[in-house]
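Next up, some structures in C-alpha cells.
One chain, chain A, appears in both complexes that follow, with chain B as partner in the first and chain C in the second.
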Partner chain A sequence: MVSERTLMLIHYLTGLGILVAGAVHIGTVFLTAPVKENLEFAGSPFAVMGVYRNAILAGSLEALLLFVAFHAFNGLRVILIELYQSPRWEHAVTWALTVVALLVVIYGTRTIIIAYSIAQGVA
Partner chain B sequence: MSGTSEVLLRVYRYDPSNGGKPRYQNYRVPTFRGMTVLDALIYIKENLDPTLSIRYSCRMASCGSCGMTINGLPRLACFTQISELRSKYILVQPLRNLPIIKDLVADLDEFFNKHKLVKPYLIRRDVEEQENPREQYRQSEEELERYVQFAYCIKCALCYSACPVVSTDKSFPGPQALAQLYRYYIDTRDEAREERIRIVDGAHGIWRCHFADSCSQVCPKGVDPALAIQLMRREMMFGPSKG
Partner chain C sequence: MAGRRNGLAVLVEALRTWLVPYRYGLERWSYTLQRISGVVITLYFVAHIVETGYVVGGPSVWTIRPDAQQYAERVWTETIKFLSNPLFDAGLAIIGFFVAFHTINGIRLFLAHFGWGLGRPTRPEPMHRPQSMSPTQRALFWASIAFAVFALVYTTNAFFGVLA
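So, the complex of A and B:
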C-alpha cells in the first residue's frame, strides 16, 4: 500500500506538472502551431492537429493527461474521505476512483494515439 | 463591585444530563476597568445565577482552562477584557468541535486523547539509560530555538476549536497535537523520528491540514501550529533537516 506521504508528494509534483505541461500545450496550440495566416487559425482543429505532428508535443499531452488524472482523482479522494469516515468507505472510494482514473487515462491515451496517427498520415 | 456602565452577556446554556435543549440566557453585568469576560461570568455565578457552569483556574492565561467562544472567536475568558471587545453585547458560547458537559464547559477528552496519540514526551532508543540518565542531555541555544515556541502551548484547545478540518474530519489529530508532534520531532534529544512520522502519515493525518491558519490566529500564547504543521510536512517529504 502506498503511503499518504508518497501520494501527497506525487499530488504536489503533478500539480506543478500540470502548470508546465498545460503551459506547453496552450502555448503550442495558440502561439507556435502553424498560425500562419491569422489568429483565428489558433485554437482551430487544424492548429490542434498540427500539435500532434510533433511526437514530443504529443508526448507532453500524454503527460498532461496523466498529471491531470492523478491530481484530480486524488483530490477527489481526499475530499470524499474527509466528508465521511469509515475504513470500508475509504477502501471503496480509493478503488473506485483508481478504476475511473485508469479508464480516463486509457480513453485519453487512445484519443492521443489516434490523433497522432492521423496527423502523421496527413503530414 | 463598583461600575458606572454595564454589558449584556448572552450566555449559552445547555445541560445534556437532564435532556434539555440548548438555549441562551441574558445577564446584565456592571463593568469596571480591566474587567475580563471571566470576571463577568464569575459575577453572574456569584450574584445572578449560581447554576451557570464555567471552568477556570489560574485567571492569568497559564492553565488554559477557561477557553470558550466569545463573540464568535475562541478565546481565553481570563485573557479577554470586556473593553477590548468594543461592544456592550457579548455572546459567550462553549468551544466548538468538542462535546459539551454543561453550559460553557466543553469535554476535552477527545482533545487530550489526540494529544497523547503523538507521544508528547522524549523517547530515547536506550530505555534503560532514559530511566537512569547518567548525564544531562545538552542542547545549544540554536537547537532550543527550533522548538521552544511550540513548547509554550498550554493545551487550552482554542486552536482545536478554530480548526475547520477538525469540524469535518473527527479523525484529524488537530493543530495542537500536530504542533506537539513537531515540537518533539525536532528536539535533538528525541530519538523516535520515524515512529512519530508513522503516527501522522495516514489518510486522516497531517496531510489533511488545509492551512486555513485559524489555529495560529487564535492561540493566546503566540504559538504558530500552522507553521509547525508545514515544517513537519517538509521534514516528512524531503527528509530530516540537518543539525
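So, the complex of A and C:
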C-alpha cells in the first residue's frame, strides 16, 4: 500500500499540475476566440478538431485527465474515510475508487487517442 | 459517548459537521466550500468524460471507425444542440464558480501547509484566535471568493450570451 504521506504529496503535485494543464484547457476554450467559435467541430485553430490536431494541446489534455482523475478520486477518498472510520471501510473505499479512477482514465484516454487520430485527417 | 453507534448515525453527524459551517469562523467555511466544490467538480469531470466519450462512439467503440470523422461531427453537433439550454448554461456557470474557488483556496491551503503566511503560535488562552487564519490567509480566502464571483459572472456572460 502507498502511504498516506505519499498520496497527499501526489495530491498536492497533481493540484499544481492541474493549475498549469487546466489553465491551458480553459484558456484555449475561453480566451483564444469567442466560445461559440471554439465549440464548433472544426474550422478554426482552437475549435475541437483544431485543438486535437495540435499534439501539444492534445497531450496537455491527457495530462489534465491523469491529474484530475487522481486529484478528484483521492479527494473523494479523503472525504469518505473522514466521514466514517474503520480499516475495512478504508480498504473498500480505496480499492473501489482506484478501480473507478482507472476506468475513467482508460475511457478518457481512448477518447483522446481517437479524437487525435480523427483530427489529423480533418482539413 | 458510551456504546457503539451505528454507521448511519456516524455518517449523519459527520455530514452535518462539514455541511453546516456556521459559528466556527472563516476556516470552517473554507473547509466546507472546498469539499462541496471538489465533489461538484468531480461529478462534472466524470460527466465530461462520458459526454466526450460518446462523441467518438460511446463505450462499445475502441477502434477508429471508417466514418469516424462524420460520426464525431454529427454527435458533437447534436450534443452541443442538446446542451444549449439555460439549465446547462447555469450549471456551467456554477462549475466556473466552484473551479475558481477551489483553485485559489487550494493555493491558500498549499501555502498554509508549508507555513507561508501563518501567524506566530500563541498560548491557547480562552477566546484566542487561531493563527492559521492570519490576515494573509484571510486575504487569500477572500481572494478565492472574489475570483469565484468573477468566474461566475464571466461564464454566465460567455454562455448565456452565446449558447442560449
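One rule holds for everything that comes next: the second predicted complex is superposed on the first by the 104 of 123 C-alpha atoms of A that agree within 3 Å, B and C clash if a C-alpha of one lies under 4 Å from a C-alpha of the other, contacts with A are read in each partner's own complex, and residues count from 1 in each chain.
Criterion: a contact is a pair of C-beta atoms (placed from the backbone, for glycine too) under 8 Å apart; a residue touches a chain by one contact, two chains touch by 3 or more.
Being a predicted model, the structure only gives us computed values, none of them experimental.
Asker: In the overlaid three-chain picture, which partner chain does A:G108 touch, first (chain B) or second (chain C), both, or neither?
Answerer: After superposition on chain A, A:G108 lies in contact with chain C alone.
Asker: So in the superposed three-chain picture, is A:F30 touching just chain B, just chain C, both, or none of them (first/second/both/neither)?
Answerer: It touches chain C, and chain B stays clear.
Asker: Could you say whether A:A58 touches chain B, chain C, both of them, or neither, answering first, second, both or neither?
Answerer: neither
Asker: If you tally the residues of chain A touched by each partner, is the higher count for chain B or for chain C?
Answerer: Chain A has more residues touched by C than by the other partner.
Asker: Let me test your reading of the model: by the given contact rule, A:F73 touches which partner, first (chain B), second (chain C), both or neither?
Answerer: Touch partner of A:F73: chain C, not chain B.
Asker: Just checking: does A:L83 make contact with chain B only, chain C only, both, or neither of them? Give me first, second, both or neither.
Answerer: Both partners, chain B and chain C.
Asker: Identify the partner contact of A:S3: answer first if only chain B is touched, second if only chain C is, both if each is, neither if none is.
Answerer: Touch status of A:S3: first partner only.
Asker: Do chain B and chain C land on any of the same chain A residues, and which?
Answerer: 12, 82-83
Asker: Quick one: in the complex, what on chain B touches chain A?
Answerer: Within the complex, chain B touches chain A at residues 165, 168-171, 197, 201-205, 207-208, 236-237.
Asker: Tell me, which parts of chain A touch chain C in their complex?
Answerer: 12, 15-16, 19, 22, 26, 30, 34-36, 39, 41-42, 48, 65, 68-69, 72-73, 75-76, 79, 82-84, 104, 107-108, 110-111, 114-115, 117-118, 121-122
Asker: Would you tell me which residues of chain C are touching chain A in their complex?
Answerer: 7, 10-11, 14-15, 35, 38-39, 41-42, 45-46, 49-50, 52-53, 55-57, 59, 61-62, 64, 68-69, 72-73, 76-77, 80, 99, 103, 106-107, 110, 113, 154, 158-159, 162-163
Asker: Please output the residues of chain A touching chain B within their complex, sorted ascending.
Answerer: 3-5, 8-9, 12, 78, 81-83, 85, 90
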